[in-house]
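Chains here go by letter, A, B, C and D, matching the order in which they are written, and residues are numbered from 1 within each.
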Amino acid sequence: QSPKPQNYGIGTQATPEQIAGWDIDVRPDGVGLPPGKGSVKDGEKVYLERCAACHGEFGESAGRWPQLAQGKGTLATHDPVKTVGSYFPYAASFFDYIRRAMPFGDAQSLSNNEIYAVTAFILNLNDIVDDNFVLSKETWSKVKMPNEGGFFDDDRKVAEKAFWNSKPCMKDCRPPVKITGHASVIDVTPDDKSIRKGGVE
Amino acid sequence: QSPKPQNYGIGTQATPEQIAGWDIDVRPDGVGLPPGKGSVKDGEKVYLERCAACHGEFGESAGRWPQLAQGKGTLATHDPVKTVGSYFPYAASFFDYIRRAMPFGDAQSLSNNEIYAVTAFILNLNDIVDDNFVLSKETWSKVKMPNEGGFFDDDRKVAEKAFWNSKPCMKDCRPPVKITGHASVIDVTPDDKSIRKGGVE
Amino acid sequence: AAGLAAAGVVGRARANDANLPPNVASWSKTLGDGVGVRPYGKPSPFEKDVVRRDVQWLTASRESSVSFTPLHDLDGIITPNGLCFERHHGGITEIDPHDYRLMLHGLVDKPLIFTLEDLKRLPRVNRIYFLECAANSGMEWRGAQLNGCQYTHGMIHCVMYTGVPLKLLLEQAGLKTNAKWLHVEGGDSSGMNRSLPLHKALDDCMIAYRQNGEMLRPEQGYPVRLVVPGWEGNIWIKWLRRIKVGDEPWYTREETSKYTDLLENGKARKFTFEMDAKSVITSPSPQVPVKGKGFLVISGLAWSGRGKVTRVDVSLDGGRNWRTAKIDGPVLDKSCVRFYAETEWNGQELLLQSRAMDDTGYVQPTKDDLRKIRGVNSIYHNNGIQTWAVKPNGEVENVEVG
Amino acid sequence: AAGLAAAGVVGRARANDANLPPNVASWSKTLGDGVGVRPYGKPSPFEKDVVRRDVQWLTASRESSVSFTPLHDLDGIITPNGLCFERHHGGITEIDPHDYRLMLHGLVDKPLIFTLEDLKRLPRVNRIYFLECAANSGMEWRGAQLNGCQYTHGMIHCVMYTGVPLKLLLEQAGLKTNAKWLHVEGGDSSGMNRSLPLHKALDDCMIAYRQNGEMLRPEQGYPVRLVVPGWEGNIWIKWLRRIKVGDEPWYTREETSKYTDLLENGKARKFTFEMDAKSVITSPSPQVPVKGKGFLVISGLAWSGRGKVTRVDVSLDGGRNWRTAKIDGPVLDKSCVRFYAETEWNGQELLLQSRAMDDTGYVQPTKDDLRKIRGVNSIYHNNGIQTWAVKPNGEVENVEVG
């Protein structure tokens, strides 16, 4: 690339009004939060009307839609259940998501107050805030997510250093190999009649 | 590639019968000619029934289908007319073509005798053989095409040597340039409403 | 040879003698469709089974799901546009290009809005890159599950992109000195958003609007997507609507709830962007069984998010012994490469594996090596060595070995 | 800047304010089609004008005619399969792959027949090559005629082929010592046939069955075509049915009546196989006028049948002064390369030209240089430098300069 950036004179300056309409992202530190507020109680109403059909009355999920509550203590087990309460590090991670994407199929249809309220309600479902909590810019920093400390930066280059092994074994690298699992036994592959079963007559 | 060719054991030996059914090419020296024969007279009948609708009763072409006769002496003019008589170097070049491709849309429908006959007729239309000529393997070498000597091997590397000029001129290479022709004046481009006419407002 | 006979049988089983030598085939005698009848062409009707496929039990709805590239039906390194796998979170977004806008704001000197025409007027580059979803092979952590490389490895495609270097675009707005991360956002109804480190944005990212020469397909983000070479597909934002420059990451849902890699101890890696070197044998594989005894070409794809693939080894015995395969065709940075290994097959059982190496010295690990470090709950970034068992009748199965 | 304003106008002219910031676009609020709904994808409906086009007055029937690649609507070097130009002599031949056979006979030790499965089992290679019809630009010998690079230069495409090296196939049959030429023949209803020198067959020819990863399209010879890198398209036999080994050429209709190059003296060159180095500016060009004042990228394609393109120069004044363009993307043997040159345009008339150079030292000549040697009756192999006139309103026209 050229050492001195070239200005091509292409593109139009964005006005503050234009930006405001699209600038919906919210950060963990509260930067980006809209005006407004919502209580757990108001949130319950929004939730039951707009969310519960998919996510279940208690966030337990209806059918195969995502589960939003419970799952605490499962992360280190054989069946980890990742929810707002068990896994999400920040309230921003789902406030921001609800604001842009939920309800599924009717995105950006909630008012700011409704987003605050339903967020408060989901936090309450997960025992993170109490029944009287009102979420707003002002109370934002009061929310402490249980799994905030559950994440660490990509450490593959250190933890998996052994994989940088430019001279891998080529001969008699391991004892004779046994088959320990069969996809055909599990049989979850979609049927496909176009696949010839027996290759050789 | 490997120095010693590898045999992969893939493919099936072709039998003489299989080959015979597909082996239709004919060379100028007559190699590949089928058994059979055909006279100019028989050819006229085939031609009028199967060919004239497109190529014209006298090979002059109907509408925009290819012309098969006339055009002698035009090759060095501004309007060269390339026909069997004026341009083709060998009888094989069109015997072979008729055998594989004509009549257009009904390929490989002529008998060997019909191919010989219609070839003889087209030669006759072009004054290359007389009215009583009968074409067959035996008379093949009697046919002398007027333009047999009209072709020479690709000589671009010699005749166009000047184009191998790795240091082309970059500055003031010619006097100011004038436009000498306009495609828009000729106006033969198909109309296309998707093209924006005025680029700049 | 046995191979000869078997090959013949497969071909002839359904053939119509009337079209075979010495007979002249029907299509050699009649005219087909003329030019211009098919202004935009399609594959032969006989290739109707070469399609993207989805696994319906995977997700609650097809609008937030995945369909897989039929890798077993392809060769070379280019994915044809119609077969590039799909991954949507709100269905296929259909954008009128006249109404398309890209907003660039945040820690910049001058926030800008670009039309599609604006973007097309800027300088552009052309690069072949693979795009792999971080969840590719994600169903296989606990053991062999899906029978077919389309399903186990089909969340990848490789095309030539044309677009504007992101660096050049950022320069048009001018970056503030505290700029460190970008918030990149899609215009789909999930408003797909991720945090992109500035150093990557200034390195090789592209604002792409073409794939394989023509405009992006709707499924791939028409009219504009972000290209983040070598990094997980989720961050290659489709239907790109907005870029906001900031000083720290956003921790969006897609980089917390999803696309973090849960280890056995309950802690999760975050911001695992690079796709580790990986490979898969695409033929033979469960959907393309061995077609005859005798000479056999083993073929597959390899790639690395860290640079160029330098070597691919193939094993016939489940990883005891290895031979180096031949790489054929272009070897480009963060692109797929095609490899081939030749053998003779006479009905013996085979345990086929491939392992890729890249120019950082990384060697694709076994699944067990990966599990030792990561456990089996990680969902994402499963680049373990795949095993296919070839049975005496030529059938091929996805198996786990130990 | 003037460019800014102009660009804005073009974009907004047909835009719907309801979708523009600060408003949230309709497609950001609702779900689109799910995955698997489009098993084989298509371009956006908004790209419906990006199609092959034919010129109906050119030929008596569409079954023996040509449709042209929309070069002006593409970028990079890969042609998407659906847009590769068509040239047929009996329409699009539709072959059931089970009934496909390739016969190899003549001066060989053992004549062979291959099924498609047989060919697919052999070792294969992957190469990106351009294919140009020798008649490309053939309508322009006497002067500027067609307004659009789709029509003047659109008989070219560039894809990645997968197939068996012809040398390897010939080795399976074993060549007799007097073998010198091959008769290669198509299964279409024109039985398209040409004579191919053995030295080329043993060099880099391929028996190809794939383009850009998937099986060949019917228009391109499904299931098998001959690839003859750098040589005129007519000899890249589609629907390949038969290869016969011989000791001299056949002088078929397609290498005598057609594809010979008539010079002014009435004599004609024969067996002019190689495509001379050539280039064309694809944008701006008559079908894609200049869209706004200010910064302008001039972009085009260059290729050479003799090897690699080493350099492309661009002129803004009809060939008086030249600057060297930037080549971007892969530079491969007998493949297209993409070039760019940047300038500032403020409404002045431009006479745009490009000239390609290759690694044999060949420099693309002007049309007049070509005419001096070849006259104007040659039809084929017109690789002269193309001129586009840019008018003050941004319109572009195909012109002839002197």
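What we mean here is this: a residue touches a chain if its C-beta (ideal position, glycine included) is under 8 Å from a C-beta of that chain, and two chains touch if they have at least 3 such contacts.
Quick caveat: nothing in here was measured; it's all calculated off a predicted structure.
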Interchain centroid distance [CA atoms averaged], chain A/chain D, Å: 47
Cα centre of chain B to Cα centre of chain D, whole Å, reads 23
With centres defined as the mean C-alpha position, give me the chain A-chain B separation in Å. 67
Hunt down the residues of chain B that sit against at least two other chains at once, touch-wise. 8, 10-12, 14, 18-19, 22, 104-105, 107-108
What positions in chain D touch 2 or more of the other chains? 3, 7-8, 10, 20-21, 28-31, 53-54, 56, 61, 63, 90, 103, 113, 118, 121-123, 189, 191, 241, 291-292, 295
Counting only chain pairs that touch, give me the topology of the graph as line, ring, star, complete or other. other
Applying that definition of touch, give me each pair of chains that meets it. A-C, A-D, B-C, B-D, C-D
Chain D residues touching chain A - in the complex, by the definition given at the top: 1, 3-4, 7-8, 20-24, 28-31, 294-295
Under the touch definition given earlier, write down the residues of chain A that touch chain C in their complex. 1, 5-8, 10-14, 18-19, 22-29, 54, 63-66, 75-76, 78, 80, 82, 87-90, 92-94, 96-97, 100-101, 104-105, 107-108, 150-156, 159-160, 162-166, 168-184, 186, 188-190, 192, 194-201
Using the touch rule from the top, collect the residues of chain D that touch chain C in their complex. 3, 7-8, 10-16, 19-21, 25, 27-47, 50-54, 56, 61-63, 65-67, 73-84, 86-88, 90-99, 101, 103, 113, 115-118, 121-128, 159-162, 187-189, 191, 210, 212-219, 222-223, 239, 241, 291-292, 295-297, 328-330, 332, 338, 340, 342
In their shared complex, chain D is touched by residues of chain A numbered 8-12, 14, 17-22, 104-109
Chain D contacts chain B in the complex at 6, 9-10, 49, 53-57, 59-61, 63-64, 89-90, 103-105, 110-114, 118, 121-123, 143-148, 151, 165, 167-168, 171-173, 183, 185, 189-191, 193, 241-242, 244, 246, 248, 250-253, 256-257, 260, 262, 264-274, 276, 284, 286-287, 289-293, 313, 317-323, 347, 351, 355, 357, 360-365, 369, 373, 377, 389, 392-402
